[in-house]
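By written order: A, B, C and D. Residues from 1 in each chain.
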Amino acid sequence: MTTGTKAPTRTEPAFTADEMMSIAAARALSAGQRCFVGIGLPSTAANLARRTHAPDLVLIYESGTLGSKPGRLPASIGDGILAETADAVISVPEVFNYWLQPGRIDVGFLGAAQLDKFANINTTVIGSDYTRPKVRLPGAGGAPEIAASCREVYVVVRQSRRSFVERVDFVTSFGHGRGKGDREQLGLRGAGPTLVITDLGVLRPDPDTAELVLTQVHPGVEVEQVRAATGWDLQVSPELTRTLAPTETELQALRELKAAK
Amino acid sequence: MAEILALSDAVARLVRDGDTVALEGFTHLIPHAAGQEIIRQRRRDLTLVRMTPDIVYDQLIGAGCARKLVFSWGGNPGVGSLHRFRDAVQNSWPVPLEIEEHSHAGMANRYVAGASGLPFAVLRGYTGTDLPEHTDTIKQITCPFTGERLAAVPALNPDVAIIHAQRADRAGNVQLWGLVGVQKEAVLAARRSLVTVEEIVDELTPVPGGMVLPGWAVTAVAEVPRGAHPSYAQGYYERDNEYYEYWDSIGRERDSFEQWLDEKVFSVAETAGGSAVKEAAK
Amino acid sequence: MAEILALSDAVARLVRDGDTVALEGFTHLIPHAAGQEIIRQRRRDLTLVRMTPDIVYDQLIGAGCARKLVFSWGGNPGVGSLHRFRDAVQNSWPVPLEIEEHSHAGMANRYVAGASGLPFAVLRGYTGTDLPEHTDTIKQITCPFTGERLAAVPALNPDVAIIHAQRADRAGNVQLWGLVGVQKEAVLAARRSLVTVEEIVDELTPVPGGMVLPGWAVTAVAEVPRGAHPSYAQGYYERDNEYYEYWDSIGRERDSFEQWLDEKVFSVAETAGGSAVKEAAK
Amino acid sequence: MTTGTKAPTRTEPAFTADEMMSIAAARALSAGQRCFVGIGLPSTAANLARRTHAPDLVLIYESGTLGSKPGRLPASIGDGILAETADAVISVPEVFNYWLQPGRIDVGFLGAAQLDKFANINTTVIGSDYTRPKVRLPGAGGAPEIAASCREVYVVVRQSRRSFVERVDFVTSFGHGRGKGDREQLGLRGAGPTLVITDLGVLRPDPDTAELVLTQVHPGVEVEQVRAATGWDLQVSPELTRTLAPTETELQALRELKAAK
């Protein structure tokens, strides 16, 4: 399934897999939560949540805005609209030191270039040799400390064998390491990635092993299709559910958000 | 008191071959005109420091000004990759580029330590990641009270910091507002500093959310209208999002980039940074 | 979101016997009304933390609320000594007062560490002084990069921080401006926080030099007009310098102080902090 | 000589010893210097300098003001007029960390309760037992780090056997320790106290020993009088000079400053 493909529907409105992913990610956010938002898919989802069921969601961007309420999608994490609509604008050191580091943020919302079966994230290099990478990616940004210090981390990423790998080439942001207990051993305070939302479904760490298992598939998606898009032997939860299709309201809000300039 | 200089004079006097140079501005107020002036003056062997080496450093790296990059996130925000940066790292073109890679929290704290006259900063950072293995400026330190282990990073003290701001007065006091990023820290951490500003005014009227850097803490100020373009200056002009897309097409290939350099940087008069930038914009 | 409470309710719910309590405000915006409400509610065994324990803590110490003081400068600014503080240290009256003494730089950095979720802070401080000999919360630490020795101080994380600010909105977002001291750090370092404000408004219009503390980072807000008196609230009223002189005459003797306590604190209704303070003023 | 006594004069205008002290202290400041100002005598002197020969003197107060230009004497280091007339108002942590600590300030202007012959300052306790002091003084405030980090320190203090002692009861702010080289050994970057201005004269550390020696006496003051007001065997510089009496302009500026409300 590629991004532009329409997912099969019955009476539900037509929607793309990317739309389903953004809507599923938005639904994961609760009213009143403080959410540290990366640009791109996370920002779309967080802003959609604010426009639908969680109007008082507090958006925090690493550029230095607390409580931004943008009327359109910001073009970057430093878009002027984020500062203009914020409760408070602060310096970048303050964002990281006074707000992120002490664990004041409920949810860190991250993207990924590569994600492995313990939800470790790579945004640094593709290839095993750091000094001579096959592909040089942008790097860490705020992610390592977002992944460490937020109470929970949600990852939003398109799923494919290339992005979902057995083991990431480089651990940019620590998920669950090599399994259950690794975070505690390192003294990390946040729970780490508790939710991975893709264009095919939703994965969660197994409570016993911390390995990501498929807990939810989006409408029209089959389990085998998800397994085929995963670079490890993906386990499926015995309590697998199917994502509710986007409502008209959700789809309209998302499309308006993406159309607004 | 900061000296008020033309951009070309300021860069000529403050930026030297081999210097460690930080151009800061977190999406907002990126000193693009100053970056292009450094290219125009053909500085070499610079260690470039910047949290987000976006287009401004893609240009400097592609032009061969840098031998090393100290950074935490190198992408074209909202668009994708920095092709000149990738080409330098992956293929050593036009010259090899050494990298020293941190996270945003680490870089921000390195500037804070630099501004504070401390040799290092402490943070909860890098835990479990592969960064410390490749970056020798990440170490561990033990709290003398609790025994807890934390990350330590050394202060950044660039030879020169360059930032862009909205305004300065004639005494060189600088005023900026909106997203202020890590600019104050960069200026205070550096041995020398240059602030390009949208305009020089008689008096700095207070602005909500504004910050003032006293002229005695700044080395030089240069008036460069639209000096942040394609980044933006809140209250003056908006971000040119199309330019960021356009840059993807320029930076992607060596040929198109070199043509851009010739036409938009080297063929432009060296005297007027402001007009140079206007010319350089597509 | 911060709860909007009456001052007496807020103090009753947030401040408990034995707590570590920080009332901050550096000359400006000192939360005097809240301090007197703590006296009125007869809290005991408090560890009081404050950079400048001026009149506000002279009152709390004289009233016997404190068993320990963590501080860096204990005087009546512009006037002279704090007589109740001296009586407690020199004569253990009315109860013994343990002290933990730092410098301003040390205290400020202890709050910064507390606000940052770090167990300690590093500074160039205390070198050559006799403070480390008497204060066991001053240690040394070695820079892992340069080998340099620096001072380390542990984070301050009070049970409760109380500050005064100009305004809050109905969601408990707090706005303050003018000298902002170490108030943001104190609130962010504390487990619980109370902000008394001059007024609660529908909307916080931006103010040059203003800072906003989001309501979700504050536990409770209480509207207490003139709650900083005899300190001042920029934009609302000026510092009552005469009161500081007057306090010297009240605080100097135990009798006059106890009479003041009876008349100006205990005889005043516990419900209305604002009017209580107006009564308490000479 | 007590504070209120008129110093003997000839054609010069009449002035008090305190006025001479403030004026001598003001004269020590040069145009364009950045001066970290304590309240009381230092603040009077610094503001007088700004009103006379050094209008562009940059005043920094620990309450968080850079470049204050008060039209009257501030009643405390947190007087509102300091913020209202400042180039920049910053937080207290920022004053100490970004501005004082890195050595950006030329002159730290301090008072003292006790001062010893190596210019160590005590503002903490009188008496040898810290836990049971004879007199409990206010404590350190910003002084230890001002004394450590400013390029130079000037001390303004009224001179008496009680205040000028062989050895301070408590070193609140480190001057020259027990002699030349102690500061360097401790890694202190600033030069420490280079000038002590009193109501009787001026003392400077001897370049070889760092012991304070009398280098200047105010008009009408005899050397023996200064020695009598000093708790150690005060040495006198072979190049002893006499302070120029206050000019009409200086006196008028000082009195206007003190009268303004």
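In this section, contacts are C-beta pairs under 8 Å (C-beta built on N, C-alpha and C of every residue); 3 or more make two chains touch, one makes a residue touch a chain.
What you see is a predicted model; the values in this text were computed from it and never measured.
Visitor: Chains in contact with chain A and with chain B: which ones?
Guide: The shared contacts of chain A and chain B, listed by label, come to C.
Visitor: Could you work out how far the Cα centre of chain A sits from that of chain D, in whole Å?
Guide: Distance between chain centres: 59 Å.
Visitor: What whole-number Å value describes the gap between the mean CA coordinates of chain C and chain D?
Guide: Here chain C and chain D have centroids separated by 29 Å.
Visitor: Whole-Å distance, chain A centre to chain C centre, using C-alpha means?
Guide: For chain A versus chain C, the centre distance works out to 41 Å.
Visitor: Any chance you could list the residues of chain B touching two or more other chains?
Guide: 112, 117-118, 123-124, 148, 184-185, 209
Visitor: Among the residues of chain A, which are close enough to touch at least two other chains?
Guide: In chain A, the residues touching two or more other chains are 97, 101, 149.
Visitor: By the document's touch definition, which label belongs to this structure's chain graph: line, ring, star, complete, or other?
Guide: Contact map by chain: other.
Visitor: Between which chains is there touch?
Guide: Once each pair is checked, the touching ones are A-B, A-C, B-C, B-D, C-D.
Visitor: In the complex of these two chains, what residues of chain D are touching chain C?
Guide: Of all residues in chain D, those touching chain C are 39-40, 62-65, 75-80, 82-84, 89, 91-93, 96-97, 100-101, 124, 130-145, 148-149, 170-174, 177, 182-183, 186-189.
Visitor: Going by the contact rule set out above, which residues of chain C touch chain D in the complex?
Guide: Residue positions touching the partner: 26-28, 51-52, 71-75, 77-78, 81-82, 85-86, 89-90, 101-105, 108-109, 111-112, 123-131, 134, 148-149, 178-182, 184-185, 209, 232, 234, 238-239, 241, 244.
Visitor: What residues on chain B touch chain C, complex-wise?
Guide: 117-124, 137, 139-141, 143-146, 148, 150, 152, 154, 206-210
Visitor: Residue numbers of chain B touching chain D in their complex, please.
Guide: Residue list for chain B touching chain D: 1, 112, 115-118, 173, 184-185, 188, 211-214, 216-217.
Visitor: List the residues on chain A that touch chain C in their complex, please.
Guide: 32, 34, 58, 66-67, 87-88, 97-98, 101-104, 149
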